[in-house]
Amino acid sequence: MLDFLLSFLILAGAVFTFIGSLGLARLRDFYTRLHGPTKATTLGVGCLLIASSLYFSHQGNGVSLHEILITLFLFITAPVSAHLLAKAALHQDLPRVNDRRGHPRD
Amino acid sequence: MTLFLAVLTPFLGAPLVAWLSRYSRTAAAWGAGLVALGSVLLLVSIVAPVLAGETLVQRIGWLPQVGLDLAFRLDGLGLLFAGLILGIGLLVILYARYYLSERDSLGRLYAYLLLFMGSMLGVVLSENLIQLLIFWELTSLSSFLLIGYWKEREEARHGARMALAITGAGGLALLGGILLLGEITGSYELTVILASGELIRAHPLYLPTLILVLLGAFTKSAQFPFHFWLPHAMAAPTPVSAYLHSATMVKAGVFLLARLFPALSGTWEWSHLVGGVGLITLLMGAFIALFKHDLKGLLAYSTISHLGLITCLFGIGTPLAAVAGVFHIINHAIFKASLFMAAGIIDHETGTRDMRRINGLWKFMPHTATLAMVAAAAMAGVPLFNGFLSKEMFFAEAVSMGTMMKFGWLLPFAVTIAGIFAVAYSLRFVHDVFFNGDPIDLPRTPHEPPRWMKVPVEVLVALCLLVGILPALTVEPILALAAGAVLQAPLPDHDLAIWHGFNPALWMSVIALIGGGLMYAARKPMFALHARHENRLDARRVYNALLEGLLGFARGLTRRLDNSSLQRMLALFVSFALLLGFSGWFGGGFGNNSPLTGPRALLPVDAVSLFAALAMAGVSLAVLKLHRQRFVALVMIGAVGLLVALIFVKFSAPDLALTQLSVEVVTVILLLLALYFLPQHTPAESNTGRRARDAVLALLAGVGISALAWAVLTRPYTSIADYFLENSVSGGGGHNVVNVILVDFRGFDTLGEITVLALAGLAIFAMLDKLRLEGRGCDDVGRAWNWDTHPAIMASLTRLLLPLALLVSTFILLRGHNLPGGGFIAGLITAVALIMQYLANGVAWTHERLPSNMHPLIGAGLAIATLTGLASFAFDHPFLSSTFSHVHWPIVGEFELASAMAFDLGVYLVVVGATLQILIHLGLMHDASHGPDACPIPSGQRHKAGR
Amino acid sequence: MNHLVIAPILLPLIAGIVLLLLRHLDINPRRGFSLAMVVGQIVLAAGLLRAVGGGDILVYALGDWPAPYGIVLVADRLSAWMLLITAVLALFALLYASRGIDVGTSADAGDSPGKRAGDGHFHVLFQLQLMGLNGAFLTGDLFNLFVFFEVLLLASYGLVLHGGGRLKTRAGLHYVVLNLAGSSLFLIAVGTLYGLFGTLNMADLAVRMAAVSPENLGPARAAGLLLFGVFALKAALLPLYLWLPAAYAQTSAPVAALFAIMTKVGAYSILRVSTLIFGAEAGGVSALIEPWLLPLALLTLMIGLLGALAARFLREQAAYLVIASVGSLLTAFALASPAGIAAGLYYLPHSVFIGAALFLLADRIAVSRNLAGDAIGDHIGDHFQPAPTMAGAALLGGLFFVSAILAAGLPPLSGFVGKFLLLRAALEHPDAAWIIGLVLLGGLLGMIALARSGSLLFFRSLPPPRVVPVATGAVVAWPALLPIFGLLALCIGLTLAAGPIHAYVSATAEQLLQPYHYVHAVLGGRP
Amino acid sequence: MLSLVIPIAFALVAGAVAMNFWRLLRGPSAPDRILALDTLYVNTIALLVLLGIHLGSALYFEAALLIALMGFVGTVALCKYLLRGDIIE
Amino acid sequence: MEALIALLIGVLTTCGVYLLLRGRTFPVVLGLTFLSYAVNLFLFAMGRLAIGQPPVIGTGLPGYTDPLPQALVLTAIVIGFAMTAFVIMLALKARAELGNDHVDGKDGE
Amino acid sequence: MSLRLLPHPLLTPMLAGIWLLLNNSIAPGQILLGTLLGWLIPLFTLRFWPEAIRIRHPWRMLRFFGVVLFDIVTANLVVAMRILGRPENLRPAFIELPLDLHSDLAISLLANTICLTPGTVSAQLSQDRRTLLVHALDAPDPEAVKASIKSRYEAPLKEVFETC
């Protein structure tokens, strides 16, 4: 059962991580590319960390919860990074493709 | 000891006299005279056994291990020379008192003279040849000062430098020769060397030894082709010339020939080198002397000629010739000193030395003229004057030598020609100066000089006559003594009589006298001829060209090599390292026994690693391609650093990974801070050739280090590592072996390392003191900066992160001893947490909350680490001996306390302090940030501005 | 437990820390403290010299960990000799930096870094520089040597760049970057040696090196020569000398004076490594370095003297003379004979002291000549404007004359004794003719160069009536001259005491050439 | 099951890393490259966590934690540079 | 694996040396950074490569790799950091004093 | 007084808890040490973070966190689908979100939440801090996005941090 759960979490984590980076590689302008890593990756890593926590708790040396800390760190920092990246892109006036609805302005 | 004192006295007297001259010129003269007299008295006190034919040797230990002791020797030759040096020295001191004008510092002259006198005494009284050389070079140095005495005169400076260069160079050659003599005989002591003549002459090193020694002697004695310095040394005040160029300096060379006569003479090489050079010098000097219009110039070339004569005599090599050589040394010293003094009087009285203007002085100074004429007669070799006697001996030796070899008849022939010229220039000296009509346009009206200025000349001229008329009564004892010392053997039969019958030598003298008279009479056309061909072959010009060439070469080479190009230095460094590395490997030829690959079992490659390696190589090469875009390069370097950390993780080095990660970020931040003040792009300024060269060097370096790494990685080894693994827990009290090594096994390294870090903080502080830089108002495409200095979202969330990061850093610090972590990483985390505050809130805001001076922190960290180490002194253990114990407290439970933890705390503090110190400095530099905001593209404006 | 061995490292470290913590104190007490600490180091070094003079080798196991696992400090005759030279030099450099009364300052040569109120840690850097030097001379561990190199380098960066100035900054940049590259090479060499032999302790390395297998000979030799390359850079050996002239000529005088010892660290390391690790008993790697060292050293000598001949400023000339002295010194070491090493070890303090004296003197002369500075000629032969009269010309001239005799190796002073010892030792070498010839030629070049600069500086001054008063520089201040007198007196002392000193350095050479004693002292019963 | 899943997960994360590198090299804009680096940092955490599970060692946790912190600081600094030039004004 | 690491060290060295030989301070600093990566990896590799064997006693892993090179590299990283920080600041000083960022202070050859 | 000794009463237990997480241990010694650090670190960082955080409705806060966590999971699935789909079909948009929040921390938390949840990234806070520019990955109807953000995240945050 645990094995199955672990496998699921690991696989899900890896898949989300992959998809996040796929977005980075695949999408067509910076603003859309920004979305993949900031969300999918965060969740992917989150899944993996939960898996790790379960795994090491199961290993015997007491519960292992410190992985939560990394998740917490990521949840605080990833949005700030994304925000600043978006700001920088706006500052540099990077081009947009597809849709041009809504004009960023100061 | 007495001999040592006799030599030392003038050296000690020199500063004394310089000091005395502050009071009066007369006091200085008396002082100098008394100093010289002191030396005389010291010598007289021990002279008795020497007069009886003994050789006195006195020794003081200095460097006996290498055969270098202060060893002095007084024998006949030394005594003769010491007499000349001191006697003529005393006369020159008296003479100089009146010669030198009020403007010139008499004290300085006397001081230099005494230095020179002491050096000369040292030369002639040395038993140890190295010691002789020391004094030899001292004569060069002190004569440099004497010749350059009138330092504001260009020709004085030039002459002094030339004399030093030539005689100094000769001295170096002589040093080489003496070293070889020491090598051959096993000693530098004359006693041994003079007794080893056979051994020396038979040794394979004889010829180089001889040549080196002769180079020394010839340069000093102004022998051809080194003669040219001597006329230029005439820029010295005349007392100096009278001293240096009659009895002392130039005689040092012939003294050396005499001194080493038993050791070196008697071979084909000796007679041809010494005799040949002497003969050439004799002829050339005599010839040129005739045509010199400068009074002292004439005397200078005459000196050269007479030195050639003496050299020639030693070259002939027979015992009788040696006796004649010694005799002529005496005679020449006496008449030449008096002639220089006379010339000095004339110069002093008329204000010029140009014989074309000086005429008919007989009317103005008959007394001086008489003295000068007597001395000139001696120089010419006129019978009844001393010069005649030794010259006659020389003629006789030339004749007897001439009968012994093929073309030997040339020798008496050449010698006679030299004699003719000698008579001619002597005649010119007398006639052109004292007669020959009236003076032309003299600066001063001449009259007899002060009484005491003539006394030295009178004494010397009297000697000329005494020796010339009564040689057996006057000079014979000292000559016998000296010649005996030269030969180190019983003296040959010789007869110091004026009349030896009608022998060839007499005829040669007669021919010389008559021929000289005729030649002088027919001088006009010869002068004209000479004037046309003057400066054809001027050794001085050769010397100057050589010197200029040397200077030009030195300048050219130095400027070419040292062009202050860092790129060149680095390229040389890389090339040299490559050369060393490759030649080290292949040393002993390509067929050596070191295979590139060793037998060690290797790890298999997995896909992820292969991929990561490719990525790393790709990014690194991309940096090479893109490095001109500095910001992009920086971002990519971040990726490389991350991959390096991953390698550390992969290969079981978690501590390194942590360290690498933290250092990487701080480095990138520092680079970003710096980049703000620097151009954003690197210009493409290297040409293709340079880039190709650099690429080749870089590639070779890469190949080399790859090969080295591969070679080592594939080889097995036995390491001291097991000891650390075994003793880490039991001896160091920690489970993390790397950390235990850092704070315990090799804690001393770590102490040094934090000292380096502390120094970085301090040195940057010292370097950047008050440096202000102007930042850029726009980014690299000319866009104004974003208005939002401190994005609120970032600011509030990073504040939240601060306590969290500090907690983490405490965690890392405390666990370091047992698990990956430690003071350094913890320190960097703390620093980064604080840097984050700078990033989010700016310098001003942060500095209000953080002490802006981290020196106490750095100092405290270093102090804690050092004190931890010192604490072990109290338990009589070496520095940095650690201790630990497991403590059990109620509730808290068991925990470990280790001295190494205190050490790690020191590390932590230094890291935090130094890192922040560096940043704070940048913050201060940023005071003058942001230049004028004149940006073509305002911030946020819609504009296509791709990067 | 004999802490005397580590004391020369700890004392300057503690001094540096105290000075750092007390940086707000007035300059005078800090200066006094710094001086006292240097005097203390002289005492310690002298004590250590006494302790090891009889031939004992003192080993200090840091942290009580036995060699080869822990780091050991090893004090033998050579270490003690280097320590004493360093401490004595430091005293005079510091005295000059701390001179009390200073009437004037020259354009950029005369700033005395230790004097300004906000002196930017001069004394701290100075003390830590000494710590680095002493550590380098004492350590018996190759990696620890690297660490001490870095300590002394970083301190030297701070000292070199003290104050501002275009040329100084450029020279400093070159010096720093080049040394950073050098540090990389050092690590590569040390790493390779560890990878091959699994140890860092120099004695242990010597033992393992002697038993090197033929398969490992290639990498071992490569590593050894790379190590030599690093030391050659520090020693400013050809072709790695180009950093030195500007760095030494552009920095402040007391720093340049202290730096007279810096190249000797490289020379020391070459000597230590080539006798201990690559010595006669090292089997396949024996005499690894000498074939490179000898020709390079001789060329360095030549290039240094040609540079001295071409120099446009006295400081530049002094810097090139430092290079030349490195050439002489390493020529002596390259002979690898007792006599050769002894000659080098005798020559070493001489060259350090006279080098320092020349830098200080150049600074004084520049101050005295005011606007003319220490320029020597305008580069077109002798035809240049006469320099303005300098203040105190007689005194400075006398000092220069003595310095020049010393620097050119002319009799009768220590320079000559050193040269004589070198030449004598060279006689036994197969290439004696070359060595002796070049050394003698070098003596001639040095003499010409110094006679030239001396006559240009001192013989050019106009006679008193025609002096332009405005052009005269500052009056010579005694406190500034005292260190120069002191350094020259040391050289004269070296001359007078040549006998006992030669006995000591000969014993040192013997000790070095029998590395067994060193190895035994460090490793004890171990092989 | 885990032994089957972990290699797949490694492959997926490695693929993600590959795409990060592609974006890093490709750009085209500076923010793109920073974003790529930031994502690389996060994906590295994933890699380390996987490695920890794979090797059964908890020793990689701190590295992951540190990457989270340092990656963030690096990204912030780089962005701030683009926005303001002077990152700690 | 060993070949991979050896080659990587070579690539990093090549990049480092090439950048080191450029004429401006910034690429030189980048070159030094590359060089220190290479050297640190080299020094580290001298303890040979081992996977999953960190030198932490009592973690239950199969063995321990050589801890000494790790400690040396740690020291080297710290020292390298100090040196890099210094040289970065020096580059700024040079820029201020020399007026440009050429390593020899001459702009536009 | 209490503010000076215990500047952030909430932070202390939080840090202590994190300490235990870090150490993977609830040994008494670690609890003690964690509490000590939880007390000391805020004291040290007081200067950086002077204003106290007041949380009015802790339970609403927790509920808010639950909502966000749920949204994160669903959002990721959505974004994953979008990424895997054809990029040309995406309808990205910049949306200007007028703000009712005032405190920096609340605005920051909102911005963070927006970043973590459905296809949105907060791109820019206006100079007057009244408008947040949000970029949506796929927003056929920007107004709906705006409304959803305001109701699901802004309102609870305002209640927790800013009601008096």
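Some points to look at:
A, B, C, D, E and F are the chain letters, set down in written order, and residue numbers restart from 1 in every chain.
Convention: a residue touches a chain if its C-beta (ideal position, glycine included) is under 8 Å from a C-beta of that chain, and two chains touch if they have at least 3 such contacts.
Just so it is clear, the model here is predicted, and its values are computed rather than measured.
Chains that count as touching both subunit B and subunit C, per the definition above, are E. Centre-to-centre separation between subunit C and subunit F, using Cα means, comes to 62 Å. Spacing of subunit C relative to subunit D, judged by their CA centroids, is 49 angstrom. Our note on geometry: subunit B versus subunit F, Cα centroid distance of 74 Å, whole angstroms. Spacing of subunit C relative to subunit E, judged by their CA centroids, is 29 angstrom.
Residue positions of subunit F with contacts to 2 or more other chains are 18, 22-23, 111-112, 122, 127.
Residue positions of subunit A touching 2 or more other chains, listed in rising order: 20, 22, 34, 42, 64, 66, 69, 73, 76-78, 80, 83-84, 87, 89-92, 106.
Multi-chain contact residues of subunit C, defined as those touching 2 or more other chains: 143, 147, 150, 154, 157, 161, 164, 170, 173-174, 177, 181, 188, 192, 194-195, 200. Pairs of chains meeting the touch criterion are A-B, A-D, A-F, B-C, B-D, B-E, B-F, C-E, D-E. Every residue of subunit B that touches subunit E in the complex is listed here, in rising order: 564-567, 570-571, 574, 600, 602-605, 609-610, 613, 616-617, 620-621, 623-624, 627, 630, 633-634, 637, 640-641, 644, 647-648, 650-656, 659-660, 663, 666-667, 670-671, 673-675, 677-679, 682-683, 685-686, 694-695, 697-699, 701-703, 705-710, 712-714, 717, 719-721, 724-725, 728-729, 735-738, 741-742, 745-746, 749-750, 753-754, 756-757, 759-760, 763-764, 767-768, 771-773, 818-820, 824, 911, 914-915, 918, 921-922, 925.
Those residues of subunit F lying in contact with subunit A across their complex are 18, 21-25, 72-73, 75-76, 79-80, 82-84, 87-88, 90-96, 111-117, 119, 121-124, 126-127, 133, 135, 137, 139, 142. Those residues of subunit E lying in contact with subunit B across their complex are 1-30, 33-34, 37-38, 40-42, 44-58, 64-68, 70-75, 77-86, 88-93, 95-96, 101, 103-104, 108-109. Within the complex formed with subunit D, the residues of subunit E that make contact are 51-52, 54, 56, 59, 61. Residue ranges of subunit A in contact with subunit D, taken from their complex: 3-4, 6-7, 10-11, 13-15, 17-18, 20-22, 24-25, 30, 33-34, 37, 41-42, 44-45, 48-49, 51-52, 55-56, 59, 64, 66-67, 69-70, 73-74, 77-78, 80-81, 84-85, 87-89, 91-92, 94.
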